[in-house]
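What follows is chain A paired twice: with chain B in the first complex and chain C in the second.
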Partner chain A sequence: MDIKRNYYEDIELFKSNTILVWSILFLIFLAILPWLVMKYHLLGLSVYIVNLITVHAIVAVGLNILVGFTGQISMGHAGFFAIGAFTTVIFVLNVGLPFYLALPLGGFISSIFGFLLGLPALRLKGPYLAIATLGFGMAVTTTIKHLEFFGGRMGLQAPKLYLFGTPMKDIHFYYMIMIIAVIMVIGAVKLIKTRVGRAFIAIRDSDIAAEAMGVNLTYYKTLAFAVSAFYTGVAGGLYAFILGFINPESFHLIMSITFLAMVVVGGLGSIMGSIAGATLMTYLDIKLQAIQDISLIGPALVTFSQKYMSVAGISNIAVIVYGLIMILIVLFEPLGIFGFWIRTKRYWKTWPF
Partner chain B sequence: MFGQLIVSGLAVGACYALIAIAMVIIYKTSEVLNFAQGEMAMISTFVAFTLLETHQVPFPYTLALTLLFAILLAIFFEIAFLRQAKDPTVLGLIIITLGFEMVLMGFVGWKWGPDQRALPFPVSNIEAYNFYGLFISKINFWTLIVSLVLMLILFLFFRYTKLGIAMRATQQNQLAARVMGIRTKWIFSFTWALSSMVGAVAGMLIAAMGVLDPPMMMDPLLKGFASGVLGGMTSLPGAALGGALLGVIENLFGGYISLSFKSVVAFAIIVLMLCIKPSGLLAKHYVKKV
Partner chain C sequence: MVKKNLIFVGLLVFTFFISAPASAQAVRGVTDTEILIGQWGPQTGPAAPWGAVARGTDLLVKIINEEGGIHGRKLKYFLRDDSYMPAKTKAIAKEFVEQIGVFAVVGGVGVATGMTARDYLMENKVPWFSPVTGVYEWIHPIQKHLFAMYPLYDDEAFNLTGYLYEKLGFKKIAMFYQNDDYGKQGVMGVERYLLKHKIKLVEKVSAEVTDRDLSTHALKLKNSGAEAVIMWTMPTHAALILAETAKIGFKPQWATSNTLSDSALMMGITRGLWTGMINSNFAELPDSNHPLMVKYREAHKKFAPQERWGVFYYAGMAFAEPFVEGVRRAGRNLTTESWVKAMETMKDFQGIGLPVTYAGLKDRQGGKHVFYGKVKPDGNIERLTEWIKITK
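Presenting the complex of A and B:
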């Protein structure tokens, strides 16, 4: 059943008709999702939140190419995100390019920075790489904050986008972002299945062995950084226009950690896992930020906070839950949601045994 | 001006050095990069703040209680989370410490709120001493003294006490240390406690120099990493030297070139150092066999 007879079967997007059917069903679900959300308030979502989740999913997929498939740690992806966001807005505002050109250009500039960061990363491993990328993320935010060109501390206002002469609303954004996201996810899946992806995985498993097999480490490591930065940069550009306003303060270290958490919670080395992780973590974050509005738990927590904690900082519960999820995932399910999914699948496949 | 910049750079560098030392202590023994270091120091500082401000505890007792809290916190983290990880990867360990960092940060934000506060420290951060025309604020002066004394104590501790030697043995070869009768698990807990204490002292000094608020340790954390990389992540004197150097370089850069890009210097140093000499200034370079 699972035997591959030639190379082209191996790189096929849909391994079986079942997967094809499910994928089409999922795409249909995505197409009617805004309608469900607006009409029935599914899970308390709004189109804006779904947009945010989708953007985060793009970042998570991009980061997973780097962390999950190539095995390079990055704690500076908020930097790429910021570069993408700011350059896209500037291309639209100052240069006057149309959005559909500015967005890939923003991603491209971000990927140039990814390539540059990839160069020192060639010599670094594990903890040292984490420190270097962490420094990169912080340096980008500081630089942007102090340059007047980027609006300084105040940040930039993203211009309104027009679709056939009418200003775009969340729902229009939804379809635009979703189409971009689907294309990028399919691109990532394809990338991993081809020669490049196999080189990435070889580097992750053992870079010395990979080099001995003829994988050009310099080329593929910097390529992984560049591709990952491209995904993040494009997502950043989209993010700027969803929010309508960006300031450098929001692209801080916690954001990089959040991205990393999405990838780890979703499952390292699994594209679908990243999407699931991004969805879960973004949803939790937004819901827990407004924890006092949740019925039953909310009021109880408010009274508890009044007594022992501070009410002003109650949204910090989101951060606590986030941190706990990260720790517990590493301790109990290192493969994240993806690992959980595999185990469940195996359990049912072999069911009564 | 040059002398002035160097002196104040040294004082700031002393704080970086303390954080770097706290990280190096852990990294040396267990090869875990502790991203929660800053937040562990911050929560200890907040405990000190509550004791001083709300309960009016005299400073020496506050210091003792804070250090005790720091020890308990570190041991709790080591036993409850780190020890539970079954053969973890580098990324896994980083994620655990990052998760703990977020838990602590969220807890502090919830308990104390996002306001900025001033730590009622017995040394003023406004008055200054005057040494032959060089002004050094009292807090900076005492920071220098405290860190030098702490470094000396740590040096003597690692060199001459039984526990210190046991820690070095564990670092070099865990299995051999176990065979020699060293309880390596205890050593790890103790390492974390020691590091957390050093971090708590650094946190209090940093809060006394500036303000006390939840994100206060973000920047010093990066500087601590930079100092560690500069001096060598496996060398205590290296971390101390790295901290001092970083403080001075940063201050000179801020004084002569550009004040607003001062904090980018740390990143530049990290990248340069990692490219030229990844093991750092003072650490011995060794390559792991595959």
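Presenting the complex of A and C:
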């Protein structure tokens, strides 16, 4: 079944017709999703939240290329996210470029910084690299804060985007972001399957062995950083426009850590896992406090929290549940959500055995 | 295999239909028996201390509902935690409008957080009363449905300098501020005043938000020979600079903005060095005998004994009172239009906060007053002045 006869068969996007059919079904689902969300408020979602999830998914996929596939840690992705966001807005606002040019340019500038950050990564590993990237992330926001050009600490208001003369609404953003996301995800899948991706994986498994086999470490490590930064930068540009307003303060360390957590919870070294991780984490982060609206349980939890924890009310419970879900996933399924998926699939296929 | 797939698809379809569609109403958020309002506020994260504002509003809602509501309608209040993250604030604003369907948004701490929601709320004609920050973003440009109340930082700094210079006779004034937008608005106001009187600050010292060693800053202030120092910082820096200046024996008259007017809290974190601080206030003092304050304090004991009775807690009431008054004046026939009209004619309305006056579409900065107080050794504030007009 799974025998590959040549290279091209191995890098095929759809391994079987079943996968092809399901992928098409999934795309159809994505196409009608905003309609479902608007009409039925499915799971309390709004199109805006779906947009935010999609943007985070692009970041998670980009970060996973670096962390999950190349084995280089980054705690500074909020920095790339900020670079993408600010440069895209500046290109539209000050330079007057159309959005469709500004966005890839923002990603490109972000990837240049990714390349630069990749250079010290050649010599640093593990916790040392974590510290270096962490410093990078903080340096970016501090720099932006002090440059009036970037709006200083006050931030920038992203100009409105127009589609055929009418201002774009969430639903238009949805289709734009989703098309970009689908292209970028397919790009990532292809990248990982082909020569470059194999080099990344070889570096992750053992960089010395990889070098011995002819993988150019300098080239591929910096490339991994650049590609990852490009994904994050593009996502940052989209983020700026769905938010409408950005300020350096919001691209903080916690954001970098949240991105990393999305990748780990979703599953290191899995593209679909990153998407699942980004979806779950973003959704829970925003919607978990809605448990206070459930009748009986909600008010009881609020009272409990106010009495035994702190005056913040339901947020105490939400934060604990959020953390607990993360811990439990990582504890019981080191492969993250992707691991659950594999198990479910296996169970499904071999049922009733 | 086919059967299993069918079950799977069936499950998917089922999940689509479990959430009920929102019902249509004549006026969003107003039913025969209820008025829905919402507020975001940081209950967790770096700005969590300001989260008390949103909980204070909850107390006002409880008081009003206990008294039977407004024109037969009770208020239903939705508090959401945005953790001071703009992306979350916007999600909350959308939830308020598209899912809950609130009549209005009241309060909301934070500039960047509010800015992500401002245009969205205005485009959907959702009334927004009193964002809890004193910046120009809320009134430039003027928005029909956005009513600001919090005194402007710039004007506040301008007037505070005048108070020190003219009333108290301090001629050598220095400034210590945080190097960010908030601190710079303070500097702007102070220098605007001094420029008018053709004098200069004897020293201007700024600190980065991340700075933790302020000994050189303190030394600079001391060497300037300033008689009074105005500080425009967050609580941490206020405590640090007071500790450093006390160490080197520099004891000028300190003065600061209303964002640090929670004297009980400041007294605690400065270990008593806060004594003698002159600061402006936007609401009655915690131990005030104002009849409304007495009433609210009793309600606080009854409904929310777990909360500390600090100024930022009852600020949540102060910054919601004019909204409620507007709803009252709009009458039983409450619509966005009738509320806006009622607000626009509001003149010198006062609850426990500063007096509020709006004038048509020309003026959306309702709060124009503060009063000054001096911190006593026991942590309470001694009131120095009546309400003073700071914004023209």
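Basically, the second predicted complex is superposed on the first by the 312 of 353 C-alpha atoms of A that agree within 3 Å, B and C clash if a C-alpha of one lies under 4 Å from a C-alpha of the other, contacts with A are read in each partner's own complex, and residues count from 1 in each chain.
Here is the rule we go by: a contact is a pair of C-beta atoms (placed from the backbone, for glycine too) under 8 Å apart; a residue touches a chain by one contact, two chains touch by 3 or more.
Values in this document were obtained by computation on a predicted structure and should not be read as measured data.
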Should A:Ala261 be classified as contacting the first partner (chain B), the second (chain C), both, or neither?
-> first
Which partner does A:Ser46 reach: the first (chain B), the second (chain C), both, or neither?
-> second
When the two structures are overlaid on chain A, which partner does A:Tyr231 contact: first (chain B), second (chain C), both, or neither?
-> neither
Answer with first, second, both or neither: which of chain B and chain C does A:Leu124 touch in the superposed model?
-> first
On the superposed three-chain arrangement, identify whether chain B or chain C touches more chain A residues.
-> B
Contacts of A:Val319 with chain B and chain C, given as first, second, both or neither | both
What is the contact status of A:Phe91 with respect to chain B (first) and chain C (second): first, second, both, or neither?
-> neither
Looking at the overlay, does A:Leu253 come into contact with chain B only (first), chain C only (second), both, or neither?
-> first
When the two structures are overlaid on chain A, which partner does A:Leu134 contact: first (chain B), second (chain C), both, or neither?
-> first
Overlap the chain B and chain C contact sets on chain A and report the shared residues.
-> 254, 312-314, 318-319
Contacting residues of chain B [partner chain A, same complex] = 27, 31, 33, 81, 84-85, 88-92, 94-96, 98-115, 218, 222, 225-226, 228-229, 233, 260-261, 263-264, 266-268, 270-271, 274-275, 278, 290
In the complex of these two chains, what residues of chain C are touching chain A?
-> 4, 15-17, 19, 21-22, 43-45, 48, 51-52, 55, 79-81, 83, 85-88, 90-92, 94-95, 98-99, 111-112, 115-116, 118-120, 180-181, 306-308
Which of the residues in chain A end up touching chain B in this complex?
-> 67, 73, 75, 120, 123-124, 126-128, 130-132, 134-136, 138-139, 142-143, 146, 206, 208, 252-254, 257, 260-261, 264, 268, 305, 308-310, 312-314, 316-327, 329-331, 334
Which bits of chain A are touching chain C when the two form their complex?
-> 36, 38-44, 46, 48-49, 52, 145, 152-155, 157, 170, 239, 243-247, 249-250, 254, 285-286, 289, 306-307, 311-315, 318-319, 348, 351
